[in-house]
Amino acid sequence: MTTQNSAEAEDTFAKYESQVRSYCRNWPAMFDTAKGSWITDVDGNRYLDFFAGAGALNYGHNNPKFKEALIDYISRDGITHGLDMNTVAKSEFLEAFATKILAPRDLDYVVQFPGPTGTNAVESALKLARKVTGREAIVNFTNAFHGMTLGSLSVTGNAMKRAGAGIPLVHSTPMPFDNYMGGAHEDFSWFERVLNDEGSGLNHPAAVIVETVQGEGGVNVARAEWLQGLAELCKRQDMLLIVDDVQMGCGRTGDFFSFEESGITPDIVTLSKSIGGYGLPMALTLFRRELDVWEPGEHNGTFRGNNPSFVTAKAAIDNYWSDGSFAEETKRKGQRIADRFEELCQRNEGIKRRGRGMIQGLAFDDPEKAGKACAKAFDNGMLAETSGPSDEVIKLLPPLTLSDDELDQGMDILTASVEEVLR
Amino acid sequence: MTTQNSAEAEDTFAKYESQVRSYCRNWPAMFDTAKGSWITDVDGNRYLDFFAGAGALNYGHNNPKFKEALIDYISRDGITHGLDMNTVAKSEFLEAFATKILAPRDLDYVVQFPGPTGTNAVESALKLARKVTGREAIVNFTNAFHGMTLGSLSVTGNAMKRAGAGIPLVHSTPMPFDNYMGGAHEDFSWFERVLNDEGSGLNHPAAVIVETVQGEGGVNVARAEWLQGLAELCKRQDMLLIVDDVQMGCGRTGDFFSFEESGITPDIVTLSKSIGGYGLPMALTLFRRELDVWEPGEHNGTFRGNNPSFVTAKAAIDNYWSDGSFAEETKRKGQRIADRFEELCQRNEGIKRRGRGMIQGLAFDDPEKAGKACAKAFDNGMLAETSGPSDEVIKLLPPLTLSDDELDQGMDILTASVEEVLR
Amino acid sequence: MTTQNSAEAEDTFAKYESQVRSYCRNWPAMFDTAKGSWITDVDGNRYLDFFAGAGALNYGHNNPKFKEALIDYISRDGITHGLDMNTVAKSEFLEAFATKILAPRDLDYVVQFPGPTGTNAVESALKLARKVTGREAIVNFTNAFHGMTLGSLSVTGNAMKRAGAGIPLVHSTPMPFDNYMGGAHEDFSWFERVLNDEGSGLNHPAAVIVETVQGEGGVNVARAEWLQGLAELCKRQDMLLIVDDVQMGCGRTGDFFSFEESGITPDIVTLSKSIGGYGLPMALTLFRRELDVWEPGEHNGTFRGNNPSFVTAKAAIDNYWSDGSFAEETKRKGQRIADRFEELCQRNEGIKRRGRGMIQGLAFDDPEKAGKACAKAFDNGMLAETSGPSDEVIKLLPPLTLSDDELDQGMDILTASVEEVLR
Amino acid sequence: MTTQNSAEAEDTFAKYESQVRSYCRNWPAMFDTAKGSWITDVDGNRYLDFFAGAGALNYGHNNPKFKEALIDYISRDGITHGLDMNTVAKSEFLEAFATKILAPRDLDYVVQFPGPTGTNAVESALKLARKVTGREAIVNFTNAFHGMTLGSLSVTGNAMKRAGAGIPLVHSTPMPFDNYMGGAHEDFSWFERVLNDEGSGLNHPAAVIVETVQGEGGVNVARAEWLQGLAELCKRQDMLLIVDDVQMGCGRTGDFFSFEESGITPDIVTLSKSIGGYGLPMALTLFRRELDVWEPGEHNGTFRGNNPSFVTAKAAIDNYWSDGSFAEETKRKGQRIADRFEELCQRNEGIKRRGRGMIQGLAFDDPEKAGKACAKAFDNGMLAETSGPSDEVIKLLPPLTLSDDELDQGMDILTASVEEVLR
């Protein structure tokens, strides 16, 4: 292994890596190993990880339940790279996904492997929606985050990231996310008004793309009734409904899909991050069978067949989604975090809780304090990041698999850090 | 393992997977394991792989030299998913890449991890070029292939794939690739004429994006002098030169970078496919240090830190790029394939050889015959695919590590298949 | 003269003219001469014109006060076509406009002659706003109408007209016009919210373009306080404010500029339609002196110097705008029409009045009845058209110069027609 | 009249008018009256006009043959402003145009009145071509000029004018105009190659827009065989052919339409500038009857019915196009100018003649000298302008009606000015 300590490591990266790097600036350590809810640096420091790969590690780091399957697969020379050839690993994943995830939820979706990242899934979803409808316009929501390639970026809200495109981002129009106007407007009053008005100037959308909980946008939770209203609006107005479940899917909010609670059935769903189980790149685009108008090869990509991911993805399904207990546990733990946050809010001014399941946020009236609290938490051995348009929200995405002890330990560190900052 | 045979497998995929799948249609087998130049299906059939993950498997399937490092890393719970945090695996990869690849070639590039696929690298390259220059337009070349997300797709030539965008693809103008007009035009005569003419109507480009050999476009090889002319043109006309080395880099043409032979130094280089060594998703965007104008986090993505890839990527550099012998061997073997193709062309009408190093193509006057020959080769235990606007070229991308025996065996199968078809 | 009667004329046009023609379909007569408020067909029928060239004939048809000046100018061979050369007619117009219109209103605008139609003026306004700010996005309002060339069309609301573009119309985002939500939202609550939110996804606009009264949009009147709020919002948010006064300027609402009443000073103003006085093509783009960043010739056009228009435009200023009496009279007559409409509304259900000054509308709950009433009015010797997204509003634009008798006569015809339809 | 002299006039304009004004900078006089080939300033200076409203005054200034008709029409209160209502003036124009222009040339076009300027006509042509084909892309030619509104500007070549758009101009791709590569390439070799190649990356065009002689582009003349080749290419490749005859139509090259000589029949033709006869704003879009897919009102505009123009337009047809003599005379005089230019070129180095009919250009190796020669000509009582991407071409557009004496007098002034500059 390397002989560099964390301080020396920073020099290495400063020398060779682009200025675009960011997380490493907040957490100036040289990380080496990780297991479950913990990550360890070269200096031997251990950190409790309430960030979990921004939602890519719902089952914790290097989950021992999948690790053996992964090592076995590699050891026996299972195909690593398979493009979209038929492989055993892919077939087994598909079977598990179809029978244990889709069928019990009565979802008649076909599965596309669009490339192994969330933005690949979003791009394919937008392309498909446009191809199906023959329209170009997409409606997205305020504070949405969908990815960094041009199609996804055009439906993403963040102004700094949009500016990175270097071309005007068009074909998208933002509409207010749930509660964006603080209850001052009736849901969809503006959106439906312009859709119904032949003179509004809104290009009729091919699709609406929405996150049920906006993680990057600041842990903004859409209510079930708002999502139901949106689904009905889409049906009435002949627009496809795309749920981007890249961050909130795979059990983050409790159920496998974050939209289950609301009872809606999106036309298209994107999954990535934790779908691979072990933190390996993988993504899926799901859509109603009648929307499958793709030509063979019309959307492709080299790493669509990252077979080791299929192995751990199947293991994740088998281990965690054969019954409803995992979802129950997630909801219970989410509530436990929420309760801790609520207590904290009652004791202190200037903060507010947001969240659903194991995505929980603490919004600060003073944005700077959110960052300071996270920095303090890091000093005390914990990873947590901020989000929101002004980075004003501490966003917790702990592994769904963390123990109650770990949960309490993390919340102790964090609440102490917050109170120190607020004092 | 599964009990499905290849025929049953097809049913599974037909039932659950989108119509967009394509390779599996040409090679109707259920693949399971792979090693070196060989891939094996569940029925026990072995196939000699002259396709090699479309260039993602330059070091062969599951290269035993990296396999142990990978298993060790996983076994010791090395961090799997690290976003852009500083990790030991990343640091070691960067050191190896900087000292063994960049420094000896006198390339003062900084490294961006743009997300783990080629199209992520291309999107980031285009964004950076636009940000640096403040211009929007990009010049691409006829028959270019750069990826399927909107930014990359807009500089890709294939009409069917472009139509998949569902919106008009703009901001790009195609220029003739080397020899596109069959020698009827002087190189760059049209391109430079419109650049010099204030009245031409061409939006002055931020950048030119080029492949040194167009793989998907039909194994079109740009001559060194053409690339030199292009580099000089870019300098004269204040345009950034982006070499997309996703498929042709990592030694495919012999040298690590495909542009080395021509002596040019691109402003921006994209790498993916074989950079990870083992077929795991990974990509890099390299650019001159002065172009590093990114804001922290201005381009991001969940799977930028696929650390197992960094381990095998480093192993690949250590094992194959510590001296020049691997490049020499690749050139030698490439010549051996070329010689076999030239003999074949002399014996038969209606075919022509194209290629450089270990990317070799056989162009058919009658496009249908190319596909038929590949189908026959598959029946005889060999994977090879077609490319080109009408799928008229058999494109060989064998592992660079294949043995001379394997090479001869593959060429025997292929030439027999071709001659059977041409007869 | 022709020997065709109105019926024969229709055949001529059906034979030679494109299907795109429209007004002639509602008013199937062959018109020949016109004077003041009256227009006469070849069959000798006279029609009271409450349409007045869609606002291009504020001073009536062939106003005798300008007619002599026009004939004199033509007779003495004054330059007809002058591009943007300095001419006596242009100089005299400019002096009159600067001293009698701009100076008394304390407007330090420079004058651009952008081509002789409203859409030319709008296109130049949008180009200038983008050039000044370096931004591309424009905010327009629901039910806006700004013209049929691509730039203007992209900020126009009507879906049928937008579809005519044949390309996706982008770079514009509609915001709610005054009272669009029926008072349910606070003014600008949504607009300012997304401007203030770095994560909203709205591209920060170069400019906002607005009509003070939307004529084509259905006679939607913006309140003075709404316009003031908009002007302040533009200042706070660093957006240029463009008032498109093509239809509502030149005294239509009373004052010369329709925005005078609200006390705001737009950054850019467009004028056309009645600016030429006699119904001859002419248009102006006015803007604050500091915004004059045009290069010489950067926007041009063949008919910018339609000198006969300058002669009648000057005559109009001299005759009608040397003091405030014309504005007073317009307001008085506007009120007289409004009163008649209010009485009508009190007597009947299903209609509502809208309007300001001499732009007055009658909105029908049942859109079909608006068209039927206009058809009846035509049968009874009167021209009036409908507007609004569903053509549900009778829009009156009588000449500002009509007499009280003509006014009453017109209102008698119209109210009878309306009541007949409503019965 | 004014008491200003030309010098004082400049102050007036500097004070009130935008910097965008341009012609007045080259010709610093205050013009007042004009007749035939002559224009007179307030100081009594007379100038021989070889510019003729940039082609809007083919019949000379204030042609006495139309003047009376115009004054009569105004005097008898003929309708001035008629939108697209049926009027006697319009009907008579249509009859004359259909029977004397279209029918004898066997052109089964319908007529659209798209608004009174060239750019209105071009915008409507592009919209129609896109609507008919369902495609967005347009091919234009190097050094094209089609107008300043966004649609027309996107197919215009000049970089300075394009920059004025303030948004990236897209959906258009320039192809080489006739002789653009100096004979080095075969006609259409590049254009047809990319059309035939499914991998070229060119979006298949809805239409090709072309000028038969590029006036603003530097008097570039397309040969008849090139135009024929283009027409055939359009047919083969299912693209509509739009001839923009705004500047070269109405007899400028001899025949009424500039494309008659080549024998092609465009799908769509635009006319403006001289179509009104007297220099009054007017424009037409002509297209094959089967392309008339417009909805009523889908493209509209306030000044489509500028009836005084219809009166003089009809008079122009009656007076000049009842037989072929006017075309003959134009060709003869054009040849006379060409001969004078050829002599001049033989006597001097550094200049070359270009042109067809009464559009004749003199291209200078040293662009500055072209402007200097025009300035000298102005000092000697003559108006002539430069064109071309570097303003390197003196472009002569004399009235077609000028006498041989005037022609000789003008050529004497000009050749002397040129020789003085070249000396």
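Order as written gives the chain letters A, B, C and D; numbering starts at 1 within each chain.
The criterion applied here is as follows: a contact is a pair of C-beta atoms (placed from the backbone, for glycine too) under 8 Å apart; a residue touches a chain by one contact, two chains touch by 3 or more.
Note that the structure is predicted; figures quoted are calculated from it, not measured.
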TODO: Report back the single chain whose CA centre is most distant from the CA centre of subunit D.
DONE: A
TODO: Give the chain pair, either C-D or B-C, that is connected by more C-beta contacts.
DONE: C-D
Open item on the list: Centroid of subunit B to centroid of subunit C, CA atoms only: how many Å?
Closed with: 58
Task: subunit B and subunit D: spacing of chain centres that average the CA atoms, whole Å - done: 50
Task: Gap in Å, rounded to a whole number, between the CA centres of subunit D and subunit C - done: 30
Task: Contacts with 2+ other chains: residues of subunit C - done: 136, 160, 167-168, 171
TODO: Would you tell me which residues of subunit D are touching subunit A in their complex?
DONE: 167-168
TODO: Report the residues of subunit A in contact with subunit B in the complex, numbered from low to high.
DONE: 1-2, 4, 6, 9-10, 12-13, 15-25, 27-35, 39, 42, 53-57, 61-62, 67, 70-71, 74-88, 90-92, 94-95, 97-98, 110-113, 115-120, 123-124, 126-127, 129-131, 134, 136, 147-152, 154, 160-161, 163-168, 171, 206, 246, 272-273, 278-281, 285, 287, 292-303, 306, 308
Task: Residues of subunit B touching subunit D in the complex - done: 136-137, 140-144, 155-160, 162, 168-174, 176, 180-181, 184-186, 189-190, 193-194, 197-204, 217-218, 388-390
